[in-house]
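See below for the structure under consideration.
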Amino acid sequence: MSASTFAVGAEDRLARFVRIRRQTWALCAGLSAEDLLVQSMPDASPGKWHLAHTTWFFETFVLGHDPSYRSPNPEWHYLFNSYYESAGPIHARPRRGLLSRPTLEEICDYRARIDDAVAARIASGIDEALVARIELGLQHEQQHQELLLTDLKHAFWCHPLHPAYREALPVQVSDAPMPMRFLAGREGAQEIGHADSDGFAYDNETPRHRTWLAAHALANRPVTNGEYLAFVRDGGYREAGLWLSDGWAIVQREGWQRPLYWQEDLASEFTLAGMRDIDPHVPVCHISYFEADAFARWAGARLPTEAEWENAAASKPVAGHFQESHRFHPIAAPHHDGWLQMYGDIWEWTASPYVSYPGFKPLPGTLGEYNGKFMNGQWVLRGGSCATPHDHIRASYRNFFPPHARWQFAGIRLGQDR
Amino acid sequence: MSASTFAVGAEDRLARFVRIRRQTWALCAGLSAEDLLVQSMPDASPGKWHLAHTTWFFETFVLGHDPSYRSPNPEWHYLFNSYYESAGPIHARPRRGLLSRPTLEEICDYRARIDDAVAARIASGIDEALVARIELGLQHEQQHQELLLTDLKHAFWCHPLHPAYREALPVQVSDAPMPMRFLAGREGAQEIGHADSDGFAYDNETPRHRTWLAAHALANRPVTNGEYLAFVRDGGYREAGLWLSDGWAIVQREGWQRPLYWQEDLASEFTLAGMRDIDPHVPVCHISYFEADAFARWAGARLPTEAEWENAAASKPVAGHFQESHRFHPIAAPHHDGWLQMYGDIWEWTASPYVSYPGFKPLPGTLGEYNGKFMNGQWVLRGGSCATPHDHIRASYRNFFPPHARWQFAGIRLGQDR
Amino acid sequence: MSASTFAVGAEDRLARFVRIRRQTWALCAGLSAEDLLVQSMPDASPGKWHLAHTTWFFETFVLGHDPSYRSPNPEWHYLFNSYYESAGPIHARPRRGLLSRPTLEEICDYRARIDDAVAARIASGIDEALVARIELGLQHEQQHQELLLTDLKHAFWCHPLHPAYREALPVQVSDAPMPMRFLAGREGAQEIGHADSDGFAYDNETPRHRTWLAAHALANRPVTNGEYLAFVRDGGYREAGLWLSDGWAIVQREGWQRPLYWQEDLASEFTLAGMRDIDPHVPVCHISYFEADAFARWAGARLPTEAEWENAAASKPVAGHFQESHRFHPIAAPHHDGWLQMYGDIWEWTASPYVSYPGFKPLPGTLGEYNGKFMNGQWVLRGGSCATPHDHIRASYRNFFPPHARWQFAGIRLGQDR
Amino acid sequence: MSASTFAVGAEDRLARFVRIRRQTWALCAGLSAEDLLVQSMPDASPGKWHLAHTTWFFETFVLGHDPSYRSPNPEWHYLFNSYYESAGPIHARPRRGLLSRPTLEEICDYRARIDDAVAARIASGIDEALVARIELGLQHEQQHQELLLTDLKHAFWCHPLHPAYREALPVQVSDAPMPMRFLAGREGAQEIGHADSDGFAYDNETPRHRTWLAAHALANRPVTNGEYLAFVRDGGYREAGLWLSDGWAIVQREGWQRPLYWQEDLASEFTLAGMRDIDPHVPVCHISYFEADAFARWAGARLPTEAEWENAAASKPVAGHFQESHRFHPIAAPHHDGWLQMYGDIWEWTASPYVSYPGFKPLPGTLGEYNGKFMNGQWVLRGGSCATPHDHIRASYRNFFPPHARWQFAGIRLGQDR
């Protein structure tokens, strides 16, 4: 891990720290303590838990890096450890919704107290190791900002009255996007992965390495709601031959018939602004890997590999529609040439299982549990979404979820062999 | 159902209504909105849900008794219906903890609004049918007061930090109770059940009818913690021969080794005042039917039938240690002759499955679902507990829970054949 | 337990032993080793297991009563113990279908070897204690004969091709039975239970004791398929208000819409002779307690209590249609006055949970586990069925099953208050 | 799919068909119909089902290829279809153990009948398409031969008495193998996958394509029991940090402490010859991917990728210890240079998830379900085992199982970065 983006100077570091930490809290504005306690499924966490866990991360790995540090709330350590087995016993994930105590107010104080302490540390001058840990904490905070949004969306959707996260979110009236076209990618021995000189990256993006790309092409834009609707109407969810075996099993067991948040009428969908008409021109989202893969087969195409995706994306600036727009929903693709919406709007499922790169070395110590131990049964997603902070994403960024996960802003870009 | 206790006059009715409704709220004093949202298991409900459901009961069965009534919140009907199938679809019980909305504050307003409307109805003069429904609503409210306490106790116990419901609850230093003695009950054809002239009763307590009692005796007092500890230490939880087959299965599957809230050291237990020393002289509680039955077998005795219990209890005034003492935990038995603690302190498991009395007729319409449909797989408990309101209990009162339920204030009085 | 029916003399004892043991084997005639290995659900056992377990019972409780007895197959003890915890560890019930070894042939030899040894014991003269144990073993054998038939029926029904147990079973063309009429039973203090002087009974039928019967009447005959069909067609399975709460839950969870073995067309049903037309005049069977109870509510009646049933049945000779007819399916009621088909054809669900009689004492030692430990969560059935051996049933006989069990030959006789 | 190995001439084809089909039956010699009916877990099938399903495969895809073909047993189609959704509805996999009918004898006849018909077809001269389908059927038969052995092993192990599949299997007394050494593999752009000109291969081995190999080395031989025992004794199963997150979850949930068939004493293990001493010099087997991966981490190494493995293996003749040795258990590695035991003895887990090769095209029609739809959640294994027929394996062969699967003869070869 390198931290050069962060290490611009003591003041900038502090400003960045303060800005990102405040943004998490800002995402909770207008929500009640009750809204922030609900846990709608084992995979999702209560908002309050996100607020506390990200703070615990700074307390444990930044303040706690100093062996003389004594936590004023050592008993909270158990509550807010997510999955770091080597950091001690862990409160069971599906039971996070039971944590009425500490109250939201106490967590708010906790955040302030830890923020003050970290800020004082930054102001007093810190070595590179601590700079790196603070930056990791901020990147971690940004990941949880996105999860906070997707977990809240799921919780509100599970509520029988389907309340909106924010009533006032802007509505977009979209024009039809450009026709889908396949643009050839580079072939042969190509490098992917994060180069050490390029600023922060997670360990799972390294080392930069060579891979071999066969002849291929990627679609110029993601699949839209309108295109996905054609798949639904064509009986896509009733045709076993389109699905992976595990996918077909879940389609039948769970009765899947459409994307997670679409209503039965195929005309409206649940968004963070409540129920809205489905815009046919906007990228489809909240679909699983299984659905993305079945759609691609139906369309006579396939999903891109992560190497193909990264190779294409690396040629483009990291620009698009992110959390900062405060829309919290994808918008239609712009009209111009080349690959569109590679970054932002929706995470794009790839045909690549999440495994280590050749020569991968996890971070040393407890932080080595951050990424590496999840390299089983998950698929890589690329590019960030409308819920991702703009400065959090990069071409080499590897997100990963199990193939049945639907509650993320995940969609489809098609690929094909050439 | 008769409502003579209630029908003293318009003013007394109103005072009783206001007092009981306020008491529910008073039990929530000092708790946060978060404390009142937690659902620790499917059998338990969040405090907020209790507050809302009891209000829904008055809205539906008292205000809604007038066909011209229009609810300002018809969409809440679905949320707060507990199990009345004929009143419409029902939010699934295990998902009550997801109901962040309406907020606690909104529920508080809801209570006030419905209370005002019911009070106005009472003040304007009501017929016997409505008097009966209001009384049923108040009895129902009192049942939920007890459940509110036991559900909160379970939720706080499930919290890894074991917070106390109320820190300031009084501690009792107890003397040893009198030795256990068995006192003969009446034999032959005996009447049990509620007589119509005796004021309010649930439908399941009627009709009063004759039953035949064989020669028997009941212990003068409940089994104490100290006596139950001897059973534990004697290997009671490891001896299959002491248990019903279903009980032994759950002992092994769940790893039961002691009463629900006892700690592993057999020296302290979780109470609504937090962790406390186990008082050996106080009645054991938070045990299941299976445990009560196994203890009785170990002790060479048996549990009383509900008819034996009622026959003995009917001779005694309804006096004892109830919710009003604000201890929320049993206390030691007093020192005098005869049957002690028949009412209050702990519900007493009986050897009687919960079935209908000969000639039983459920209430007409939707309220017929109140009791009758649960007559399978449950056992009768008698006498009320330290969490029961004093004026809620009577000799003919039939409480019922499944044999594995442990989170109620339930204990043991032994019986024997003569 | 008294054994006077058995103790007629050494020869008769021996003949009875041989006859009953052979009958079990005869029920397996024409079945393959594979047919006898299938276990279609945890509640059912493979035929081979029944053959072995009943033999184990004699080996353990008759031969093993002699402390010098050494089993030639001590390792089988674990395999064929059903639920006697005090007799040692037990192979898990749902895994009985894994017991390919010992083979059917070895079990056949096992039966012969134990039979020879028991016969030799009988011939050599035995004391009353052993006589009683042999009689218990024979009664036990007869219970398993019935279970063998109902378990095989379930296994063949689970098979996609629905093979018949015996193709050649006779078909009955039935006339319409007499109209259903309710005949008053005796009221007041009445005795039920087995009197010691009356020959063999299980411990759970004792002691004979007084109970109080309110005014009531019992239907002259069981409910027929035609009558039950009217309930189905009237939407009985869709009307929550007719069902106990637990019953309604299972109706929805399992999608119950008709009796277990009825086909979707409501015209044919699976029998031990394969698929056959439903005979409208024959008693309905293979229904659960929940269905019997819901039907009774729909019919404006109720189920009889076991005391009411026994009081009525005690006045009648034990005659009817049993296993010996080799029909293995109920037939229509005869045409005459009084209560018909009290014995045989179908077990009749009663409104009585299975609990102990006042003064109940289980058999001493391991055999005390035979009945008493199951006194939770089950309901009593009375009268025997077309699969019960004639000489196995009596007025005081108490069969018991959980309320959801459907695979027994269980039906309905209605009762009512007077 | 090419079929050149098969297409040597009409006679050789016939001889090969007869030999392979007979071999399946030979593996069942000495087993009873009951042994062949047991299904010990949903992942395993009864022996009889394997016998029938492989026959169904020939009937459906070879005989049924002729549209005029009429099956004499059309109702069996449902029973013996494994997972071909487009071939019609399918009997649920976990319920295969219920299929008492058709009997083993009927299946035996079924095999003979279909074999005769296929043989007649071969003798009468067949086109390339049918040759290819027959060859696929034979390869399929060989896969099921291995599964038959591993499923029987699991079934016998689940039996409380742990019977042996074959008592008479030879015991090997092994010398210590050569020390483990890492031998460098080829780097850079390398080709893997099956070339069309090379005889039969499954679709998932194609197309042959280029991949990029980083600098690496593979161990000269598999990990032995003795080496794995050191991992166990060092607390490998208690150290979360060694495990993938999903692996650690299963270690805790299932209580894993050693390989599947090792006994608690770590001195003996269950084999197809019954319980035997663990030979420290023999490759460890019956471990999951999770265990292989954890062992590799503990050993400071990693698992090879499938490309690394294939690149190394392609340089070696397909020779080793296979099903034909009739040992059905791995033996110790021979003493010579280079990579040892690449083929046979144990399948080797690779670090490669099972996904499609670039340009992969599944077989057309129903046979396209053979491999492609399982490309989720599984890991590739290479090299064949002691239960694999010799002529079934090749360098490009890709076996795959979920990461928790332990009942195959699967072991470990270590790899490392260079």
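In this document, chain identifiers A, B, C and D correspond to the written order of the chains, with residue numbering beginning at 1 in each.
Operating definition for what follows: a residue touches a chain if its C-beta (ideal position, glycine included) is under 8 Å from a C-beta of that chain, and two chains touch if they have at least 3 such contacts.
For each chain, UniProt lists the protein as follows: A, B, C, D = Ergothioneine biosynthesis protein EgtB.
Source: prediction; values computed, not measured.
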{"item": "Residue-number overlap at the chain A/chain B interface, same or different (half cut)", "value": "same"}
{"item": "Inter-centroid spacing, chain D versus chain A (mean Cα positions, whole Å)", "value": "38"}
{"item": "Inter-chain centre distance, chain A versus chain B - centres from mean C-alpha coordinates, in Å", "value": "47"}
{"item": "Intercentroid distance (Cα basis), chain C paired with chain A, Å", "value": "60"}
{"item": "Shared interface positions of chain D, touching two or more other chains", "value": "none"}
{"item": "Chain-chain contacts as defined at top", "value": "A-B, A-D, B-C, C-D"}
{"item": "Interface residues, chain B side, partner chain C - complex", "value": "83, 85-86, 189, 209-212, 214, 216, 240-241, 243-248, 289-290, 351-353, 355-356, 358-359, 368-369, 373-377, 403, 417"}
{"item": "In the complex with chain B, residue positions of chain A that touch it", "value": "32-35, 37-40, 48, 75, 78-79, 91, 95, 97-101, 103-104, 155, 158-161, 163"}
